[in-house]
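First chain A sits with chain B, and in the next complex the same chain sits with chain C.
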Partner chain A sequence: MSKLLRKFKTGRYFGITVLVVMAVFFWGIFKISSPDNFGSPKLMTDYLQTSIQYAVGGCGLYFIVVMGLFDFSIGANIVLSSIVGVLLSRQFGYFGLIFGCLFCGTLIGCFNGALYSKLRIPSMIVTVGLMLVLESVANYVVTLDTSGFPGKLTDSNILAFNHAPWNYIVAVSTFLLMFFILRFTKIGTYCNAIGSNELVAKNMGINIEKYKFIAFVLLHFFVGIMALLTVSYGRGMLAVTGMESMDRNFKPLMGTFFGIAFKKYGCPVTAIVIGEFIITMIFNGLVALNVPTTINDFVTGAVLLIIVTLTNRGLKGSVVK
Partner chain B sequence: MNKVILKSEKLCKQFGLMAAVKDVSLEFYEGEIHGLIGENGSGKSTFCSMLCGIYPITSGHFLLNGKELKVKSQVEANRNGVSMIVQEMGTLPGLTIAENIFLGEEDRFMHGIVKNTGAMNREAQRLLDSYGFNRIAASQMIDNYSFEDRKLIEIVKATYFNPKIVVVDETTTALSQTGREELFNVMDRIRKSGNTVIFISHDLEEVLDHTDRISILRDGELIGTVNTKEASSDELKRMMVGRVLDNRYYRTDYNTPVSDEVVMLVKGVSVPGSIDNINFLLHKGEILGIGGLSECGMHEVGKAVFGASYSRKGSVTLADGYKVNTIQGAIKKSIAYASKDRDNESVVIADSIRDNVCLPSIDDLSKKGILKNKKLDGFASKYAKLMSVKMTSIQQYVSNLSGGNKQKVVLARWIGKGSNILVLDSPTRGIDVKVKADIYALMTDLKQQGKSIIMISEELPELLGMSDRILIMKDGRINGEFKRNPELDEKDLIAKMV
Partner chain C sequence: MKKVVSVLTTLLLAGSLLFAGDKGKSGKKPLIGVSIWSSTDTLGSQCKRIIDAAAKALDVNVMYVDQGHISEQVTGSAETLAAAGCDGIIICNSASAEMASVIKTCTKNKVYCAQFFRIIDQKANPIEYKFACQSPYYVGAVHENEIDNGKNLVSILCNKGCRKIALEGWEAGDATFLLRWAGYKAGIEDWNKNHPSDKAVLFDPQYGGTTSDTGRATAEAIINSHADADALIVAGGGGDTLVGALAAIEAKGLKGKIKVVSTDFLADLDKQLATGGMAAESGGHYCDPLFAFMLVYNAIKGNYKTSTNSFYEITFPYLYVASSADYAAYAKYFVADLPYNADELRAMAQLSEPELAKKAASLSIQDVQNRRK
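Up next, the complex of A and B:
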């Protein structure tokens, strides 16, 4: 019996059970506190639709965060890719929108990966620089839109991704792709190996630079998909400056933290998806309670820290960076 | 006639100024277990790391079945039929057991870009079962298994592909008796299949019980190869450490009395898994040497008295009754610590000599929290010059200094702080003769000033030459104590170490 319990406690079903219990717990808390403004089936569907766009970005971020890298430019990529998608959609409809978001996103990933490899400086520094560059480029690209509604998705015929079923189809396809890459390709194994011990991975003959580059490309491909959902949900995108795009980095990152924390149970994708849902639920639950934004951010941040700390505590004396 | 399967010819490895392996020419036969022994730093692991492509060869070469072996990574070595089970953890957390076993060899299970994870898990499970490790599930995350189980998984990883040469580097220290037996069974199986095991261990009994021939390295040089049947433990010990004692750099006084004043009382200190019930006194102006084999726990003693050990039990009490429990408390009470792992635990590599020297004295050098460059420069210059650090200026980065000069920076830091008790772990590790002499002279000088030193060292001549008293540790406990005496020699210490 104890052997079975031990097996369960170290397996993916345990991880998923913990996540589901947490989701139910938070739903229960807010439902009791605000029965009329929170947790109805309709509202839960809204929370889910909101959370899946962040979960898509969170999946992409997982590839580099698991290797100990970070990318500050994903918010700027979302802005630029969305604007490029909107611009191309004016000419080519859905094809332009999808191609614009995904191609632009992936291209930026290639650029980031190449620059990180060539410059050989920390990813944070490279991507902060790139964030500023991409924000400026987005501000230039938006001026090319002469429709009179720069950055806006004015054609109601290309809004399929801002509601069911297409937003779910895109998101679920992305999660399946992520699961496939992690479980059925070398990329997933090598990203984990590099993050675990780069030197040992190198000694195993793994081409570290190549896989870091691939990780950046994959990240931004997923960010491109997130841009597609974001621009559809918002029916457009505003070009920003002065690092304002940075705000878009953090919600996907929260899901990634869940993924990293639950990696040991073998269910990072599920953890990212449910984790984002929990975070969205907490956020909306606090809004339903009329809690001021500052308190809302405080509670959301604190819950994230508590969950990640409880599930991913380092050994005593281990160096945590 | 035994057939030579592997041969090294005039093999050398240089790390900066230090020669870790010098002109080693060795032959390994088909179907033998060949023991490789020597003191720490004798070059055993470096020799095998070159064989497995972990370190590049400085000069010389390996011949495997008569053909030159040139490998740049462990995977390349594996593909050439050479594998290694390393001293440290050789598996990666965050991966499944199957992923660990086949890391770098996934192509066997690839169909285009798709990895057949199911087939990989099944194959890994089949291998685990064939080794008798069927309690381990291949599809599970490796994080769910103990250190010992991970070592067993590593054995499978290193041997499943029937390599011609398997290096077992100090693996037994991580295993229980059952785990050791399992390892020895695997080694026997390899020998019977006509392949060769190179077995590195500090446990001489183990080496004598399980090898056919034994080669001894000392200071990177090959001392000799003996048939195990004709070898004795005493002879091996003599060959391992029996160098001519060189007294040129050491203290020559033998009758200088040590003060009765106790400056530190270490009572019942234990750290789970490392040291057990350590008790000793440290006197004013005393150099207390602590020696033993590398894994005997002596390095943990240094950390424990400095308040740097986790889960420490027992007490470290100073003359004024203060109990040392934290690093901050230790520094406040004038205790200094120089770690064996100089680059990771002693110096801030990516920082200047000035900042490294000033680091623990920042509070003393600041005025109401404000630091003045002139003061910091003056302080760092004074102590760096006192220690004769070879530098272009105090702004030079520590990463550009040699090992010896890095150690001088560490000592300058603590001398500048005015520390009265210095815990020096392997103070002359990897240091050339000239700097060694400087450090010994400094220690003698500090002793004469009434400072007390705990010197932890794997170098027997250093312990004999510098210490007023020597504690020898074995398996985490103090196993012998010797007072300074011209008659005392390495054999006396070794008898308590091994």
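Up next, the complex of A and C:
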């Protein structure tokens, strides 16, 4: 019996159960505090709709964060890919929007991966530089949009990804793709292996450089999908400079932290999706309680730290990278 | 190979220094820097359009720095523009506290400075106000009466039958937002005083940033938490916050049911007014930076004497649009065209400061119609 319990405690279903319990716990707290304007089935679908775009980005980030790398250019990629998508949509409709976002996103991933491999400097430094470059390019590209609504999706015939069911279809397809890559391909296995111990992975014959490059490409492909959902969700994208796109890195990253924390249970994708949902739920719950946005950020950050600490705390005396 | 690249890079950098030095020395064309939150968003791009037109008409070079209303970037932008050799800068700061550093930078570098969309409040920021008065390089400020603007928008909503009004700001602590918020509260107080049996409520603000996706997420959260809200004020933020908020209302099937007012005209405002997306909007103030530009231009040219105990202040009027017909006239003279042509801009540069202030105060759709007859 205790063997079965131990097996359950390290299995996927235990991880999913913990995530669901956490979601229900936060839902319960806010539902009790604010019964009239929080947590109805209709509102829950709203929270889910908001959170899925971040979950898509969080899935992409998992590929590199699990290897100990980081990418600060995600926000800039979202901005640039969205603006390219909007620009192409003026001529080619949906094809332009989808192709612009996904192709531009993936291309930036190739560029980031190649630069990281060739320059051999830490990923954070490379991607901070690239963030500035991409922001500038986005500011140039937006000037090419002479429609009078630069960066805005004003054509109501091109807003399918703005609402259900298409935003859910795109997001769920992305989660399934992520699940497939992690579970059934060498890429997922090798990413985890490199993250666990790069030296051992190298000695096992894994081409580290190649798989890091692939991880960057996959990350930015997912970011391209996130750009498609984000630009549709907000009906436009603002070109920013001076590292202002940095803010966009952190919401997907919060989901990735959940994924990393629940990796040991074998359910990172579920953790990312539910984690982003919990974060969105907390945001909406605090707004329902009329808590100012600044305190809202404080609470969200503190809850994230507590959850990750409780679920992913290293053993006493272990080295934390 | 490395040596060749090193030599070429060194020559390139040295060349750029020489080129920069030459440019500074020749000094034929004045160079005016523009420190703006964004030169690409809805309002920012309109501001850029009118400033570019004025620069072209007056043969002035302009240089833009986008600072995103982030305090350290606002102060840094003044340093960047001064280092780039600007003769003057116009700046839209975020909080008045930033102006102490900006004025210090401008005074140290002998660069004229004027604020647009902003003024330092003497009571709230006495130290910065004193700096502004004492600096011979702080020319003045062009600003709107934000409190009146706030009152007017609330009054429009109350007269349209709205009693539960939600509020979406863009950044907590932003100087303009605080003034507008004070105006909304004053508007509610006025209404409740005059209609004690039919009181209106203004909910506390939530902040949606300056992008459309964060604007939508915050608007959805506000509407979810105030299911009984019949109006939403999107205080501003450059226009993209409003785009997101409108998307949220439409996605929830509440278009026309929740009346939206805002400041900062949208490019598709006519469509929004016609379909019930917007109830009213104040804006059209993208010419505000033009008058700050004129202040600095004339200071550089020596036409406006700066003082060490005061500064120039120009109050700029808002335009209010509440129907498609209103917007059609606005679109003709302010969107499809600019309210001032090159000749008018050149003539404006010749005006004295009191005449310039009068010119700013007189700008309206009617004013442009009269000039185009």
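Some points to look at:
Rule of thumb we're sticking to: the second predicted complex is superposed on the first by the 321 of 321 C-alpha atoms of A that agree within 3 Å, B and C clash if a C-alpha of one lies under 4 Å from a C-alpha of the other, contacts with A are read in each partner's own complex, and residues count from 1 in each chain.
Simple rule for what comes next: contacts are C-beta pairs under 8 Å (C-beta built on N, C-alpha and C of every residue); 3 or more make two chains touch, one makes a residue touch a chain.
These numbers were taken from a predicted model, which means no experiment stands behind them.
Superposition of the two structures on chain A shows chain C fitting alongside chain B with no clash. Legend: residue contacts after superposition of the two complexes on their common chain; A:K118 is shown touching neither chain B nor chain C. Of the two partner chains placed by the overlay, only chain C lies in contact with A:V142; chain B stays clear of it. Once chain A of one complex is fitted onto chain A of the other, the partner contacts of A:K186 are limited to chain B, with no touch recorded for chain C. Once chain A of one complex is fitted onto chain A of the other, the partner contacts of A:G236 are limited to chain C, with no touch recorded for chain B. In the superposed model, A:G195 makes contact with chain B only, not with chain C. By the touch criterion stated above, A:K210 is placed in contact with neither chain B nor chain C. Of the two partners, chain B and chain C, it is C that touches more residues of chain A. Figure legend note: chain B and chain C, brought together by superposition on chain A, show a least Cα distance of 23 Å. Annotation: chain A has no residue touching chain B in one complex and chain C in the other.
By the touch rule above, chain A contacts chain C in their complex via residues 34, 36-38, 43, 46, 50, 53, 139, 142-143, 148-152, 154, 162-163, 230-231, 233-242, 244, 247, 280, 283-284, 287-290, 292-294. Residues 53-54, 73-76, 90, 92-96, 99, 103-104, 106, 110, 113-117, 137, 140-141, 143-144, 310-311 of chain B are the ones touching chain A in the complex.
Touching chain A in their complex are the following residues of chain C: 38, 40-41, 45, 66-68, 70, 73, 172, 203-204, 206-207, 209-218, 220-222, 224-227, 238, 240, 243-244, 246-247, 251-252, 267-268. Here chain A touches chain B in the complex through residues 7, 10-11, 66, 183-186, 189, 192-193, 195-197, 200-206, 263-266, 316-317, going by the rule given at the top.
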